[in-house]
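In order of appearance the chains are A, B, C, D and E, and numbering begins at 1 in each one.
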Amino acid sequence: MSIDAAAATRDPASSPEPDAETEPVPALTVDALTVRFSGLLALDAVSFTVAPGTIHALIGPNGAGKSTCFNVVSGVYRATAGAVRYAGKDLTRMAPHRIARLGVARTFQNIVLTHGTVADNLMLGRHSLTRAGFTATALRLPRAVREQRRHRERAAEIADFLGLGPAFDKPVGSLAYGDRKRVEMARALCMEPKLLLLDEPVAGMHPTERVAMAETIAKVRDALGISILIVEHDMGLIMRIADSVTVLDFGRLIADGTPERVQRDPAVISAYLGTPAQDAQDTQDEGTQP
Amino acid sequence: MSDTLSPDVSPPPTTGASPDGSGGAAGRRSQAASRAGTVAVAVLLLLVLPFYVSSFWLQTGLFAMAAVIGAIGLNLLSGTTGQLSLGHAFFLAVGAYGYVWLAADPSGTGSAHLYGLGLPPLLALVLAVVLAGVAGGLFSPISGRLRGMYLGIATLALVFLGHHMMLNARDITGGFNGRSVPALEIFGFSFSDTSPDGLAVLGVPFGGLERLWYFGLVLVAVAWLAARNLVRGRPGRALAAVRDSEVAAAVMGVPLSRYRASAFIVSSMYAGAAGALLALVFKRVVPDHFGLLLSIDYLAMIVIGGLGSVGGAVAGAVFVTLIPHLLTKYADHLPLLTAPGTAGSGVTPGDAARYLYGAAIVLVLVFAPGGLAGLAHRRPRRTGDGARRNRRFPLRTRTTSDPQGVEGATPKEHTP
Amino acid sequence: MIKLAETILNGLALGSVYALIALGFVVIFKASGVMNFAHGSLLLFGGYVTARLHDTIGFLPAVLVGAALAAALAGLVQLLATRGLRGAEIHTLTILTIGIDVLLSTELNRRVGADFLSMGDPWGADVTQLGDITVADSRIASIAVAIVVISVFFAAFRWSRWGLSMRSAAADPEAASLMGIRLDRVRLIAWCVAGALAALAAVFLAAFPAAGLDRTTSQIALSAFPAAILGGMDSAVGALVGSLVIGLTAAMAAGYQSELSALGSGFSDVAPYLVMVLVLLVRPTGLFGSKELTRV
Amino acid sequence: MSPPPTQSGSLRITDLHVTYGRSVRALHGVSLSVPQGGIVAVLGSNGAGKTTLLRAVSGTLALHRGTVDSGTVHFGETRLTGDPARSVAAGVVQVPEGRRIFGALSVEDNLRAGFLGARRRSGADRQAARDRVFALFPLLAERRRQAAGLLSGGEQQMLAMGRALMAAPRLLLLDEPSLGLAPLMVQRIASVIREINAQGTSILLVEQNASMGLALSDRASVLDVGQVRLEGASDDLAGTDEVRRLYLGESFEAGTAGQGAVSAATSATALSATAPGLTELARWKG
Amino acid sequence: STKSGTGTDTAGSDGVKTGPGVTEKTITLGALTDLTGPYASLGKSIVNSQQLYADQLNASGGICGRTVRITVKDHGYDVQKAVTAFTETEPNVAALSQVVGSPVVSSLQQEIEAKHLLTLPMGWASSLLGHQYVQVVGSTYDIDMINGVDFLVRKAKLKPGAKIGHVYFEGEYGENALAGSKYAAKQHRLSIVEQKIKPTDQDLTAQVTALKQAGVKAILISAGPKQSAALVGTAAAKGFAVPVLSNAPGFAPQLLATPVGPALEKQLYLVSAAPPFSSDAPAIQKLAKDYKAKYPNDPLDTGVVSGWNTISVLGEDLKAACKAKDLTREGIAAAHRKQSKLTVLGVSFDFSDRAKPSTYQSFIQKPAKQAAGGLVTVEPAHEVPAARTYPLPKS
C-alpha cells in the first residue's frame, strides 16, 4: 500500500470507523510556551494546537526547540512560562507519570529502552493501565496473574502490528537499530495513548523501513483515531502523513499550516529546508525531485 | 536463570541474524525441565540433612539461610533497582531487635530491666518484618532522591547511627551486652532445646536447631518465590526501568520516588526477616554483629552470586557465609601452619583461613565475572550502548539520568 | 574560648588528613567507577613501609618510598582488575577490592601485630604555642601538606592532559578510546595517585599525638567517606570543605560531649554521619557536587 | 599476508570476518579500500554491518565483545590490530554512531579531548585545530562553555565531528553523520565533508542516506548481511535501479508493499519491514 | 542415621567419673580467642602462656594420668564465627580456659549455663559475675578503679570537691570501670568529668582540651593502649601534667618505644589485677623466664599473666576434681566453687561466692622502659575498704 493510499485512507469513506462508543480524544493546546535554560531561550512563546485525531508535525533546524517542547509536554522539563492544556488540565504543572496516565505517550530521539526482552519493554508500557501492586504480584494473586496474561496478549498484538512478533521474547540488546526504534514505538502504543509524541521516529532508518513506518503511523492514527505530534527531519515523510505542520527556529514559531503551505514558505526554506533545488540532491527522500 | 532482569543471565536469545524465536523457546523449555529436576533433588537433600549432620552444620546452614533471605532482598534493591545500599546491616538489626523486643515478656530477663511486649513469637516475627519495612520507609526521603555512591555512603550512615542507637536505647536493646532472644513458638510447638517434649524423630533427638532448620527452609522458600514473582511481574519491570532510565520510566507512568522508596522498603523487610531468623539462631542479639562488615558481606553476596538474579543471590549468600566457616573449621588441618601456642610467628590457621577467603573471592570473580549465576549459562550479548557496562549498578552516577524534576514529589525545575 | 579555638584547629588538622584519603577514594571512583574498599589497607601498607624504612634511609625518603610502593600496589590491583577480569562490570571490580582488602589486611595485621610503629617524623612530640593555644607541629604540617597536595591535584585534574583524559574516560569509555585515550593507563594512574595519597595520610595519622601506626589505623579510612561525599565528589572546594566540616563536627562533638549528652553518649562518632545525611537531604549531590546533566 | 606497498594515506581492508560474542557473525569476507584523499561510501540497511566495519578499523570491536576472526586492515604501511590508540596515532579517527560526545564535559573540553590522541601535540597545533573547527561550526564557538550533553541532537553531531577533526586525522571514519540532522544541516555537513576531504583527509563514509552518500563519494560499496553486495563508482551505482529502489528510498515515489518485501528479504536483521502492512490494530477495550 | 549429640557422663576404668572432653588418656579444654581480629595480640599471649602451663603440667604427669590438651578456636572477634566455633567445640571439651570478647561471652552465656561448662572469660567486667559456670579470675574493672582512685587521692593530694576526668570506652569494659570510679569519687567527695570514646579513636585532643578546660586534677582512662598513649601524649604537649591512671588493658610495652614513651613514664600509672614481670616474686620470675625460653620473640605483656592466672586456676580445679574422682563438668565446676583461698602469682583468690569478685586486690604500677614487661610496681597488691562496700551492679 503506498503512502498516497495511506493518505487516501484519511477520508472517512475508506477509513475503518473509529468505534462510536469510545470517547473522542481531546485536543492539545500549547499556549505561549517559553523555556529558558540559563540564558538560552530554547522555546520563546510558542503556541499551536494539535486537533483531535490529526497528525501534527513539529519541524525546524537542529536546536530549534522541538525536543524541548516534547519534554515539556511529557513533563520531563518544566516550562518557564506559558501553558500546555490537554483534557482540561495544564500539563506544565504535572509530574510525568500523571501525564502518562492521561494517555500521553512518547518516544525518544535517542532510543531509550530498558534491559530485558521486547516483551518486558512493552509490558512496561502497560504500567499505568495495570494495577497489580507489590503484594499481589509477590503472592501471585489470581487477579494479578489474570491481568498479566490479558495485557501480555495485547502487547503481543501490538508487537505483531509493528512486525516485532518474531522478536517478542528476544533481548532488545540483540536487535538492530531499526528494530529497536520500532520497539520504542510499540512501547508507546502499549500505553493505549490518546496523544502520541514521536521524536524522529525514522531517523537512521533504511528507506524501505521509512515507508513502512510512515504507513504504520498513518494507520495508527486511522485505526485508533488518536492525535499524533511528530518531530521529523524527513520532509518526504512529513509532506505525506502530516495534516498540519508547525515550524520552529531558534525557539520561535516561524510558520504554521498545511504541509504544502509551509513547504513553500520562504522563511522555512531559508531557515530549514535550504533551497528547493538542493533538496532533491542532498536532503533525503525529498518528494520534489524533478 | 529466567528469574532475572539482567540480559547477561537471561535465556539464550537467537541472534539478530536469524529471525525465528522458536529455537530459544525450545531451549528454554528443556532448560526449565532440567532445572526443575535439580531443584527437586536439592530440596530433598535439604529436608533430610538434619538427620545426618551435626549441630555445627545445622547452625552454619541456618546462618546461610538468613543470609540468603537478606541477600535476595538486597538484590531487589541493588540488582533490580540499581540502588546501592551499605545499610543492610541496619535493617537486619531492626528485624533482630524488633523480634526480641516484641516477643520478650515485659518482666525482662538478664542484667537490667528490659522492655518487651510479650507478643506470641510468630506474630512478633511478622511484626518485626513490618517494623523493618517501616524503618526502610522512614529512610525514603534519602533513598528517594539520592543516587549511586551518594546513596551508598548515606546508607553507610545508617549502620553507624543504628549502632549508636543499639548501644544507647538500653531499655530495649540491652546495650552493648545485647539481650537474649525468646525462642520461637508456633501454636505451642517450641523451637528450642529447653522444651520439655524430648521430641525425637527416627531416633534423632530434635533440638532447637533441627526444628529451626525446617522453619528456615520455609522462610527461604517463601522469600525466594515472592522475589521471583516480583522481579517477573509489574513492579519488577517498573523497578528495572527506574534503574535503566528514569526518564523513560517516568514517561511510562512510573512514579519514581514512590518506586525507589518501595524498593527500599521491600528490601528492608527481607533484611528484617533475615535478622529475625539470625536472632533465633544466635539465641542472643549483640550490637557488634550488625556492623559495616556485615553490610559489605551482603554486597559481596549479591555480586558474587550475580547481580539482578534471585538464584544468584542465593548462591552468593551461601558462598559468602559458608566459606569462612568451613575454612576456620578445617584450617587446623592445613599443612605448614604454626598451631596457636607454638613458638615463632608463622601463619596461624586463623590467618590461613582469611587468606584463603580473600583468594576465594578474587578467584570467583576472575572465573565468573558475571557472578555464579552467570556460570549457569554464558552467552554472547550485545553491549551496544557503552553506558550499559556500568548501568545496572550505578556506582557511577552519570548513567542514571537525572532529568530535572522527573520525580513526582519534587517540583519541576530548570536545568542549570 | 581557647577550648573553641583549639577544637577548631584540631578539627582542621583532622579534616586535612581526611581530605587526603577522601580524595584518593574519589579519584579511583571517578576513573574506574569502583568504590575501593581496600583503601584502608592501602593506607596501612603505605604507612607500614614508611615506618619500617625511616630508621635506615631517613624520614623523607621513607615517606617517598612508602608512597611509591603504595602507588605500585594500588596499580597492581588495577592491573589485576583489567588483566584478570577483562571486561567485567564495575560492581564486580568493587567486590574484587573487598577480596584484596581481606588478603592485604590479614598480611599487614600479621606483620604489625601489637606494635605501634613510629614514623620517625621530624616533628616528634613538639608543639607550638599560638597565644594560649598549643598545637602539635605535626598538625600544622598536616594542614599545610594537605592544602598543597590537594591544590596541585585539582589543578592537574582540571588542566592537565591526564585530568582531561580521566574526565573523558569517566564520561564515555568507548568514545574516549576513540580519541586515542588509553583507558587502562588513565585508570592505572588514578589508582597510583590514590595509593600515594593514602600513604601520605597514614604518616599524619600515625604522627603525634597518636601513639604511632597500628593495625587499627586503617579504620580511619571509613571516617573519610562522609568527607568525600559531603563536599560533592567532583569539586576541589568540595573535597576540602567537606573534609573540614567532617573534621570539625567530629572534634566539636567530642570536645563538647558533656554538653551533648542528651543525644546519647559516644555521639561524637556518629555526628559526622548525621551532618552528612542532613546535607544530602538538602543537596543530594553534596555541597559543591555538580548536578547530573542529562537530557533526552 | 602483507599487501602490496600503497600510498601512506590509503586504507585497505582484505577479507574481513567479524563475530560478536563468538556467535553473532556480523561480517563475512568484506574487502574494501579507500585511496589516499578519496571518499568511499558504505551503504546498507540496518544491521548490515556498517558500524561493525568501522569498529574493526578503529579497533573498538573489543569494547563490544567483538573479534576479528580473519582478514587484515592496513592503513598505509601500518597494520591496524584492534588497538584504538594505535589507530588514532596512525591518523585514523572515527566519529561513532550516535555521536557519543562527553555529556558531562563542556564543548570546549570535548574538543580538547579530541586533541589528546593527535600526532602533533604543541599548544599552537591545538589552537590551530580548534580555530579550524570553530570556523567549520561557528555554533560550537557560541556554545563552548555549555555542557555538551545539553546540546541538541544536531549540535551534538557537529561537536562529534569537530572533536574528531581536532586530531587532524588522515582518514576520517564517519558513521551516519546525517542522522537526525535537519535538511539544511545535512547540506552543511555534506559541504563540510567535502571541505575536509579537499584539505587532504581521506574519508570512509557510512550512510543510510544513500542519496547523500552517493553524491559525496567517488566510489561506494553496498553491504548486506555482512557481505559486499555491490561495489563500484558512485555514479554508476546511483544508476542501477536496485540501488535506486532500495537505498535511494524512491519508494516514496512508487513505493509499494512488494518492494518493501524485497528489501525486507535483503535485510535479514531488520525484521520484515512490511509486517505492519499485514496486521491490523484495533482499539483496546477494557 | 549417623548423628551424635553431646557426649554423656561415664565412669572411667580408674573409677574417675568422666564427662564430655575427658577420655582415658586426655582432658580437652577449649579456647575461643581472637588471633586475627582487633585483640589478636592479646589472644596470642594468652594462648601462648596457657599452652606453656599445659606443657609444664603434662610434663609433671598431667591430671589423673591424663594429659591436658587445649583446642584453640579463632573467631577474629566475629560473634557469628564464635557461636559456631562454640557449637563445634562444646561437645568435646571439659571446660573453656579462655573466651575473648565481651560480646562473644554475652552471646554464649545461655549456652554455657545450659551445658554446665565452666568458662573463664578474658574480660573483667562485674556484669560477668553471678553465674555458676562463668568465672572472672581477678579483680573486676570497677574494683580496680576504686583502688586506683584511692591511690590518686593520696598521690595527687586531691581535696574534696576536686574534679577528676574519666576517659572510657563505650561498652562493658569502660562503663564498668566508670561505675567504680564514680563510687570511689562519691566516697572521696570528688566529681567525675566523663569522656566517652570508641576503640577506633586515635586522637584525644578534643577530650584533653575539654578536661583541661574543666580543670581536672587527675585523669582516669579505661581504654586501649593507643588511647592512653594519645591521652598522655596530648596532655604532655599541653603542659597538662596531671597523673593519669589506666586500667590494665590500657597499656602495652610497645608504647614505650614511641615518641610518647617519655611522657608515659612521667605521667602514667596502671591499676591491674596482676603483678608486673619486673616484680621479684619468684613465681613471676619463673613465668617470665620460661615464657621467654619458649617464645623468644613474643613480648611479655599483660596477656601472658592473665592467661597464666586463668589456666592456673582451672588447673587447680581439675586437680581438685581429680581428687574427688569426678571429672564431669559438674564435678569440675563444683571443685572450682570449693576454692576459697587459692594463691596464684602472689594474689589470693576466693571463688566460693559466685556473686563476688574473686579478689578485691589490685596492683599499682607505672611504665619503665628498661623493666621487663615495661612496668614496675608502685604499690603491691592491696585492697581498700571502699571496694568491699561498693554495691556490685546486680545481674
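One rule holds for everything that comes next: a residue touches a chain if its C-beta (ideal position, glycine included) is under 8 Å from a C-beta of that chain, and two chains touch if they have at least 3 such contacts.
If you want to know which protein each chain is, UniProt gives these names: A, D = ABC transporter ATP-binding protein; B, C = Branched-chain amino acid ABC transporter permease.
Keep in mind the model is a prediction, meaning the values are calculated, not measured.
Following the contact convention of this document, C is the list of chains adjacent to both subunit B and subunit E.
Pairs A-B and C-D differ in how many C-beta pairs touch across them, and the larger number is found at A-B.
Think of the whole protein's Cα atoms as having one middle point; the chain whose own Cα middle lies nearest to it is B.
Farthest chain from subunit D, judged by C-alpha centroids: E. The centroid of the Cα atoms in subunit C and the matching centroid in subunit D are 44 Å apart. If each chain is reduced to the centroid of its CA atoms, subunit B and subunit D end up 47 Å from each other. Averaged Cα coordinates give subunit B a centre that lies 30 Å from the centre of subunit C.
Residues of subunit E in contact with two or more other chains: 36, 44, 170. Residue positions 87, 106, 113, 170-175, 265-266, 269, 293-296 of subunit C each touch two or more of the other chains. Residue positions 37, 67, 71, 76, 108-110, 112, 166-167, 174-176, 179 of subunit A are each in touch with at least two other chains.
Contacts from subunit C toward subunit D in the complex involve residues 87, 161, 164-165, 167-168, 170-182, 290, 293-295. Across the interface of their complex, subunit B is touched by residues 1-5, 33, 35-36, 44, 47-48, 50-51, 70, 72-81, 83-85, 87-88, 91, 102-103, 106-111, 114, 127, 170-172, 175, 294-298, 393-395 of subunit E. Contacts from subunit E toward subunit C in the complex involve residues 36, 38, 40-42, 44, 170, 193-207, 209-210, 213, 225-226, 229-230, 233-234, 236-239, 252, 254-255, 257-260, 263, 299, 301.
Note for the complex: subunit A touches subunit B at residues 36-38, 71, 74-78, 80, 92, 95-98, 100-101, 105-106, 108, 112-117, 120, 123-125, 127-128, 130, 132-134, 137-140, 144, 148, 166-171, 173-176, 179, 187, 191. Subunit B contributes residues 5-7, 10, 13-16, 19-21, 24-25, 226-227, 229-230, 233-238, 240-241, 243-245, 247-256, 262, 266, 381-384, 388, 391-392, 403-408, 411-416 to its touches with subunit A in the complex.
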